[in-house]
Structure formats: structure tokens, C-alpha cells
Amino acid sequence: MALERWFRRNKPTRKEEDNSPAGLWLKCDGCHAQIYRKDLVANRYVCPECDHHYRMPVDARIDLLADAGTFERWSGHIQAQDPLEFEDTQPYTERIEKAQKKHGRPDAIVTGAAELDGHAVALVVMDFAFLGGSMGSVVGEEIARAAERAAEEGRSLVAVTASGGARMQEGALSLMQMAKTTVALGALAERRLPYVSVLTDPTTGGVTASFATLGDVIFAEPGALISFAGPRVIQQTIRQDLPEGFQRAEFLLQKGMVDDVVKRSALKGRVAQVLKLLTAGLPEPTLEAPRAATV
Amino acid sequence: MALERWFRRNKPTRKEEDNSPAGLWLKCDGCHAQIYRKDLVANRYVCPECDHHYRMPVDARIDLLADAGTFERWSGHIQAQDPLEFEDTQPYTERIEKAQKKHGRPDAIVTGAAELDGHAVALVVMDFAFLGGSMGSVVGEEIARAAERAAEEGRSLVAVTASGGARMQEGALSLMQMAKTTVALGALAERRLPYVSVLTDPTTGGVTASFATLGDVIFAEPGALISFAGPRVIQQTIRQDLPEGFQRAEFLLQKGMVDDVVKRSALKGRVAQVLKLLTAGLPEPTLEAPRAATV
Amino acid sequence: MPLPFEQPIEDLAAKIRDMRAYASEQQIDLTEEIDALQARLDRLKRDTYDNLTRWQRVQVARAPGRPTGLDYLQHAFEGFTELHGDRTLGDDPAVVTGLATLEGASVVVIAQQKGRDTKENIHRNFGMSHPSGYRKAMRMFDLADKFRLPVVTLIDTPGAYPGLAAEEQGQAWVIAESIRRMSELTVPAVSVVIGEGGSGGALAIGVANRVLILENAIYSVISPESCAAILWRDAGEAERAAEALKLTSRDLVALGVVDRVIDEPLGGAHNDRDTAIALVKEALVEELAQLTHMSGERLRRARYERFRALGRFEAVA
Amino acid sequence: MPLPFEQPIEDLAAKIRDMRAYASEQQIDLTEEIDALQARLDRLKRDTYDNLTRWQRVQVARAPGRPTGLDYLQHAFEGFTELHGDRTLGDDPAVVTGLATLEGASVVVIAQQKGRDTKENIHRNFGMSHPSGYRKAMRMFDLADKFRLPVVTLIDTPGAYPGLAAEEQGQAWVIAESIRRMSELTVPAVSVVIGEGGSGGALAIGVANRVLILENAIYSVISPESCAAILWRDAGEAERAAEALKLTSRDLVALGVVDRVIDEPLGGAHNDRDTAIALVKEALVEELAQLTHMSGERLRRARYERFRALGRFEAVA
């Protein structure tokens, strides 16, 4: 069976995609209340008691943002090579294969076209469950393709990030994805198409230091860890405890780094509002003269 | 006698222009040594013992920067009106008249064309002795004219600032000079002509918050007070003593606000070096194609 | 609490209220007397507000209850969505920025924001911005240019904050940059001085194609208090300074510094907020309609010429 | 002090020195023996340096005495004039920027700077930049575009500084911005990895038209030590990680990440600084000569395409 078909056939099950605590009942990380799993899922992986935002599976994220039935997948046709023949405790090729089987997609990302409250968008959603959402050649390429295709089709770009950073196993090629994704955003900018970036827990390292933070508007989910260096690295550097809330979404809002911290329940509306406002600008200056002449 | 001729005839004498302590001998503000006045003047108003930089008369400043015999004055044809009919302890018109007589120029500025180590420049030098170097309509207009004329004639702009800020007595019109001088710099930028700003003691208020800090390269003289709000205002705000060296040139270098603190003895050379480097860029992109075709 | 010069008006209004209550209680017909008093009240209001001294206008411009930036953003515009942060230094609460629509057209809005009560005033630093506030405004200018959205700025600040951190972060530098950046916008820009236009801190977001001012707002190179402290070494001479500085809306039109005065409802914006907000909205819609037909280059050139022309001087005889 | 693998070379060189001294002292003719030893030394050097393991190259890339950014700025360029400060947050000593000429042509230079001794290393924060350093670089990009000056960047950093203040000031944001800003330059840009190309902190000033690397320099997504700590939970496995990461100049050419290797003098740049500096200069002059004929738009497009193309993947079967 061709792998691609395999990817497409499998509907992800809870086990494969869902990172919230397992079991019928769970004790909430936020409020320690006992919550019924089904309620959590029904509430978009947000604790109904305390509003604690859990990580969210990719498909649920797409459901959250895309108007019903409008999502058309673009990604999924390429997969990782092993340019470094990298081997640590297991070969990179094996790691990838296992992750592919487990998560039902070739790599840590899904992209596609959708309507978002009627706005034509390209949707980019990272999958933290897939090797920590690490960005290697495939993730970088899918993002770059999505940005360029969005530009061609006149779509706004909405990216939902979740990543531990660059994928070590592809070495400097992973590093270069930071530049690749960044330059590809230029294609959108040239056409004055908005790019809204949504930072979710966790977004760190090379993803934060490239396309994730280049949104025209940047939203972050409550409590999300967003950083360049991870908290452990910083602790090692400064050799003291980090302040409460450091590198969390609310901290970054206060530091001027994000436009707002937006609850999941409000996210789609807020993104739609921004897209509406940013796409209603004056006509292009170059178009003014002929238009004026014909009116 | 027409006032203009009067301005032009009078060679400024020490009394009119020189703000360093009077007398044949003086006790240095920096090192408290007894210095012979003539030595101070010969040393460009810098203490030969401790390098303390005194304020410098306008003509000495022009001598310092312009190649011998190259300075051609542009300014001096306009003078202040009294748009507010402003009167405090004395009418504004009287204040202006007295200052004009005392300092031998219509207002707190001299502009003109010069060569600076062979580079064609427009030179703008503010006169702190003239009503605290305050910027009213005349100062603003002279700066704007100098910037525009420099742009027309393909000259770089070198501005030496010294000012207590906007001139209260012209009210909001003084405030508007901040915008006027700033937009006029745009004429230089369009032609890719460098603007080097030299901040001297003191440069504060509206001048600092407009053209003075918009230099492509900004130098400051050692020890110069450079600020938006004056130290007294800030002390009133925070109700405690200011840290040692606060708002001084060296402090601002450390804060990333100026490119370097440059001693008066090195100033001309450093300005010339920057002008040389900034005016040796690649040909204009629009000129490339035809050039390539003919070569 | 009425302003000092509003006391006679308030007293008369109280008298009318009393009389109405008395008439209703006693079932006496005092219609004629009340009407007469009401007419007198209207005259008194008109006389008072038509003849405010400059110092009195300063008090109106700063009056508690006067609509602030956010009041306009929330009520003169639709769908205001705040965007936070300058991506560099922080998120200055003294400047509120974001996107909104005005009669259906998208705009970028930037408003200086004083507090509406003591707590908010502390949070907003009394409308005195740090460098971060101007950087946030500049980020909005970039957004406006990129997406071709007209810019509306609402000016209401005693001035840029004069403090240690502000100086360390280059308050002067950022004001200069903001003036430059705003002057170079390739989209229409309209500024309205809604309260206090305090010096460079106001001008930093006031380099617009059209500069409007509310009838009782002020715009000045220095506050009357500071001016008095410098000139007469006595901040108590603020009234005298206010007169000398010619800082009222009519003065500024005469000087060419502002282009248009937006009338306030009788009794001032603080006594009829809704009407004031509606009048500002109307003026903004009119002004933007005039500008949206101009090309980016023309708008930029027009801004250059507008500010290049300001100032009064004469030839040396 | 020689690097560990340099010890045999150093030992043999010492032996030759001894023998020369002995011969001269005793007035004995040992020319033949000495020549033979000298030839052996040359062979040993060549054998050693041609066959350095990746981990050994990491050591060479970090070797004390290896020319640093400022050494190149002062000796490969003429008239280097340093420009300080980012006009926003400060002046980061870990990044040195300014103007200079290269064979008579004006250029903007940006160099990451490690210390040349302990004191300087502390001052330079071991070459680890704060956001201010990247903002300073971006200010230079603006200057370069405005005055049409080619940009040369010299990369040598363990990485962007991972600290509290750096995070608070948006280290990730500023690296992303710097990548974008550099990619959009309308003037030629050449980067040289002269020592350690440490991850995003290096790439931030490495989005050039041509990316060069010194023979013994490294460029990596993560330091071997950190990589080992993550993968094998043992920083001591750095040697193994260095092998796995393929971070040497030849590896990077094979991956398409760098365009050209600049050979180092035999024994490495730290053993012959002048030659290394001359070789870098020669390469820069050649590369810039190729680029100065291209239009701004073409240069920008070429940079887009260069970085857009990087990565390895295959079709899903």
C-alpha cells in the first residue's frame, strides 16, 4: 500500500493525536478538578472549570478554524530524507517511520486551503506530537509552499505553531528552514496579503525565531510557552529560578511581543476580524489612475 | 544701516560669542587647573590639561569643520516675527533685537556651503548663546532650507546642534519646526545624500526630538548633555537624584543612541571618513541597465 | 463636579430643577417662570462657553469626564480590535492602537489614552507615553502602509513621559523617528487633538494630512504650568502663560497649525459625550473621504508641504 | 598552547628546534637530518590537518588565537570605522558593525565578536549576542540599502544569548526580523563563517547572496555539546554529536548550505593569522566583484531562491 494512501486513509484516533491526559477522567493540570474527558474534548481541549488550555490535536485545530467542510489539504506529498545519515539511539529514518505510522502523516505539519468565516485562507497547523513539532526540510518546505500558494491564490495565511524548534537530525538543513520559511512569507507581503500567526503551547527555538513571530498580527493562546531558548537552557545559563510566568503568553503580551492572548473559544472570531480589517485597504496605488479614468 | 548688512559687517568678538569662562586665566570646570585663556581658545575650547570640552562659538566651529576659505554663508536673510505677540518679562521682539545685536546674527543658527576635507557639504551650526539655541520659525526654516539646498546641490549635510529646545515665544509654531526640519531631511534621503549629526553640549528638547537625532550617523562630543527632558524636569518627576553621567554623551553611547563620542580634535577627520564611505556606494539601480549596455 | 467657571451654570440649573420640583409638588403652574429661567440658562451657557478664557479652555481640555481616546475608538468606530505591543520594548498602556472600521472602511487607529479614573490614570501613566508607545505607533504606521489602511490618530497627552527609563530608551530618538515615519506614510492620515496636545509627545503622532482639533482642546509647545515656571519662576502664573501661548483651537487655526475645528456641543464635550463623539466621527468621515482619492506619493508630498510651510518669519531689512 | 591533536606536531617541531640549537652550539652539520625531520613535520602537519575529525575541526574553529571578527575588520579591510548602537536597546559588544573599504570599495561590515582574552570574552559575552546586537545589524542593513553599500557579515558565535533579558527583549523576534531584513537587502551581501556558526544566532546575519566558510569553521543547527546532552543525555558525547551533525565546511558544501570553502593555511588560521586574513580578503573581493553587477531586485530574488531551495525531501511513495 502506498504510504500516501495510507496517510490519507487513516483517521487519527485519540491515541495518535491527542496529547491531553488519558483516561475517562482526568485531573486538570490547571485546577486539579476531576474532569470528564469527553467534556474536555467537547470544549476544544480547554478545561471547563478553569479555562486551562491543553494542547490540541491537529484535526481538532482545523475544525476549530476552518468553516465546516471547507478544508482542502495541500500537504502530505513529501516526506523526510536522511541527508546526514543521522543516528543517535536509533536511526533517523526509523524515527520518522515510527512517527509517520503513529500519527498518520508524513511529518509534523498539515497545510491546506480553507474558508475562515468566509475568508479565503491557507491554513498551516503544526503537530507537536510528531517528533516534537520539530522543523526539518519537510516542515519548512510545506510552510514555504503554503505561503507561496496562498500568495498565488490570493489567500491570507493563518499559521498555528507548536514546535520544539529545529530538527537536529537534519543538521544545518533544518537551520536553513528558518530562512526558507521567512523568505517565502515575502511572497505574501508583496501581494499585501495578511499573515496571522497563532502561537500555541509550546513554540520554541527555530520556529519562534523565524516564521512564527513574523505575523502581521500575532496571537498567543493562554499559558502557552513561547521562547527562543528553552527554560532549562536559561536556567543553566543564569543558574537561578525563572520568574513566575516567564516566557508564557501573558508575559510576552506584557513585553510587547504579541498582539493579544486569545482564548481558544474566541480565536476564530478574532482571526476573522483581523483578516476582514486587513484585507479592506484602499486600492493599490498603481491601480488608482486607470480606475479613476474608467469610473 | 540695513540690519542685514550690519549682521554681515560685524565680526563677532569674544564677548559676543564665546561662552567659556571669562578672564585671562580661568579655573577649568573639569580639572580645576588654572588655564591660560589663549591656550584654551587655541586648543578649540578644549582644556589642554583634562580634555574637558567647553562650548564653542559658532565661527570657531565652522573653522574647525570647513576647509579654510570654503565656507559660504547661506543663512541670515530671515528673522523672527512675533506671531503670538508674546510678552513675558519683556516682549519677544525686544528679546530678539537684543540677541541680534549682541550676537551679530538674526537668529540662533548659521548655515552655509563648505568643503569638509574636500567633501561638498552643507553646514548647519546652532548658536546656543543666542536665546539658548532655541528653535523657532527662523531656525527651523534655515535648517529646512539648508537640507533642501544641500539635496539640490548634491551636498551632504553636517549639523552641529546646541539647543535648549523649542522656542516658547513662538508657541505651537516652534513645535511645528520639529516636523518641518524632519520632513526637509527627506529631500536628502531621496537623493541618498548622507546626513551626519554632531550633538554638542547641550542638545535638549525639541531639537533632540527631531532633526538632531535623525542623522545617518550621529556623533556626540565628550560630556555633552543630550536629552529629551532636562535633568531638572526628570528630577521633579522621579524625586530622586539622577545617576552619575545620566544623559551625557558617554551614557548615550552605552545606551546605543549615538554612533560614537568623538573628541573635538578628531571630529573633522571622523566626519570626513564617514562622508567618504557613505558617498561611495554602488551606482543607482536605475542606472545599471544602460551602463551595462554601453560598457 | 463642575469646573470653577461652570459653577454659575450649575447653580442656575439647580435652581430650575428646584423650581420644577416645587411646581410639581405644589401643583402650581410655573411654566412661564421656568421657561424664562431655562432661556437664561441657555444664554448663560452660550455666553460662558463662547467667551472662555484660554486658561478656562485648558481646564475644559483636561476636564474629568471628557471623552478619551478609547471612548472614541469604541463609539465613533465600529469593530475596534486592539493590537498590543511594539515588538521591541513593551506594550505602553498610554497609547492604544489597533484596527477598526469607520463607516465601513478599514482604518488603523492610534490614540493617546488618559485614565478615566485614578486607577486607570496610574495604569495609563496619565497619558504620558514611554518610547514603547511611539514604537507601537510606528508599528501601526508600517501596518497601515503595508495594507493600505488610512491612519487616524487621536491626540491627548500632557506630553511624552519625562523619566529615567524613557530617557534611557531614547525618548527623543523615538519621537523624531515617529515624526519622520508618519510624514512618510503613503496612506491618508488624519489627526484629531481631542484633549491636550502636549508638545513633541503629541506631534509624534500628529504629522497628518489633516490636523483637526476639538473646539476646547489645546495644542501647545509647552504646558502653561511649565511655561510659567520658566518665564516667571512661578507655576501659579499658568493662566498668564496660557494666554501668552495662544494654545486654543481658534488660535491654532489662525497660526495654520491646525486645519479645522470640530465644534463641541454647548457646555463642552465632557457635558455631552455622545454628541462630541458623533461630531468627531462626522468630521473624520468627511476628511478621509477627501483624502482617499489621492495617490500615496501625493499624500506624502502633501504632508511634506503642509509641515514644510509652517512658521512665521520675515526678510531681514 | 597547542590543541590536543596538535601535540605530536608541536613535539616534532620542538625536536627540530632542539636539534638546530644543538647543531649551532656544537658547530656540527646536521642539515640533512634536520631537513629530513622538517619534511616529516610537513607531512605530519598535512596528514593531521587533512584528516581532522569533525570534533577536531570544532576545536580548531574555537581555537584561542584564531582570528576574530575585529581582526578581519582591521586587517582585511581598510579604514574600518565602527558605528555603535542600535538606537533602541543599547550597543551590543558581541556584534561589531561599521563602514570600511575593501580594495577601495565602500562596504557595510557586521561581525560577531568573541573575546581575544578572558577579559574581552566577558565584555563580548563570548560572542553571544543580545537582541540589541541583531537590531544593530538591522540598522546597518538599512544604512547599506540607503547608501547602496554591499554588506559583508562575519559569523562567529556559539549562538544567540539564552538569558532572561534576551528573552524579555524578544530574542526570537529579532532573529526572525533580522533574517527577513537581510533577505530583503537590495545590495550585494556576502557572509563568511570565520569560526563558529551557532544556529539561529548565526543565520540571523547569514542570509547572504553568497555564504562562504573557512576550511576549519563550523556551522550547525546546535552545538555538539547541547546535541549530545539532548540525544544521549551526556554532553561528553559531543564528539559523537559533532560527527553526526555534519557541521564542517566540506559537509556544508555537500548539503548546499554554503557556497564556497576558503582554504586555511596549513596548520589552521590560528597558526597563521595573516595568511588566513589575506585569503578571506581575496575571497570577499572576488565574490563581491561577481555581485556588484546585479540589480537590487535581482540580488533580492537570488537570495530568495538560494534559501528557498535549501532542504532535502522526497515524494511520498
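Letters A, B, C and D name the chains as they come in the text, with residue numbers starting at 1 for each one.
The rule we apply is simple: contacts are C-beta pairs under 8 Å (C-beta built on N, C-alpha and C of every residue); 3 or more make two chains touch, one makes a residue touch a chain.
In this text the structure is predicted, and so the values were computed from the model without any measurement.
Enquirer: From chain A, what is the lowest number of touch steps before chain C is reached?
Expert: Minimum number of steps from chain A to chain C: 1.
Enquirer: Which chain's mean C-alpha position is the greatest distance from chain D's?
Expert: So the farthest one, by centre of C-alpha atoms, is C.
Enquirer: Select, from B-C and B-D, the pair of chains that is joined by more C-beta pairs in contact.
Expert: Between the two chain pairs, B-C has more contacting C-beta pairs.
Enquirer: Averaging only over C-alpha atoms, locate the centres of chain A and chain B and give their separation in whole Å.
Expert: Averaging C-alpha atoms per chain gives centres 52 Å apart.
Enquirer: Suppose each chain is reduced to the average of its Cα coordinates; what separation in Å results between chain A and chain D?
Expert: 33
Enquirer: Rounded to a whole Å, what is the gap between the Cα centroids of chain B and chain D?
Expert: Distance between chain centres, rounded to whole Å: 42 Å.
Enquirer: Listing for chain D: what residues touch at least two other chains?
Expert: Counting only residues that touch two or more other chains, chain D contributes 87-89, 169-170, 173, 177.
Enquirer: Give me the residue numbers in chain B that touch at least two other chains, ranges are fine.
Expert: Residues 255-257 of chain B touch two or more partner chains.
Enquirer: Every pair of chains that touch: which are they?
Expert: Per the contact definition above, the touching pairs are A-C, A-D, B-C, B-D, C-D.
Enquirer: Show me the residue ranges of chain B that touch chain D in the complex, using the header's touch definition.
Expert: Per the touch definition, chain B meets chain D at residues 189, 192, 194, 216-217, 253-260, 270, 273-274, 276-285, 288-289, 292.
Enquirer: Quick one: which bits of chain D touch chain B in the complex? Just the residue numbers, please.
Expert: Its residues touching chain B are 79, 81-92, 99-101, 105-106, 132, 136, 143, 146-150, 186-188, 292-293, 295-297.
Enquirer: Which part of chain D faces chain C closely enough to touch in the complex?
Expert: 87-89, 135, 169-170, 173, 177
Enquirer: So in the complex, which bits of chain D are touching chain A?
Expert: Counting only chain D, the residues touching chain A are 160-164, 166-173, 175-177, 179-180, 183-184, 199-200, 203-204, 206-207, 219-222, 226-227, 230-232, 244-247, 251-252, 255, 257, 303-304, 307-308, 310-317.
Enquirer: Within their complex, state which residues of chain B touch chain C.
Expert: 2-4, 7, 76-81, 83-84, 86-89, 106, 136-138, 140-141, 144, 166-168, 170-180, 182-186, 205-206, 208-214, 226-229, 233-234, 237-238, 242-243, 246-247, 255-257
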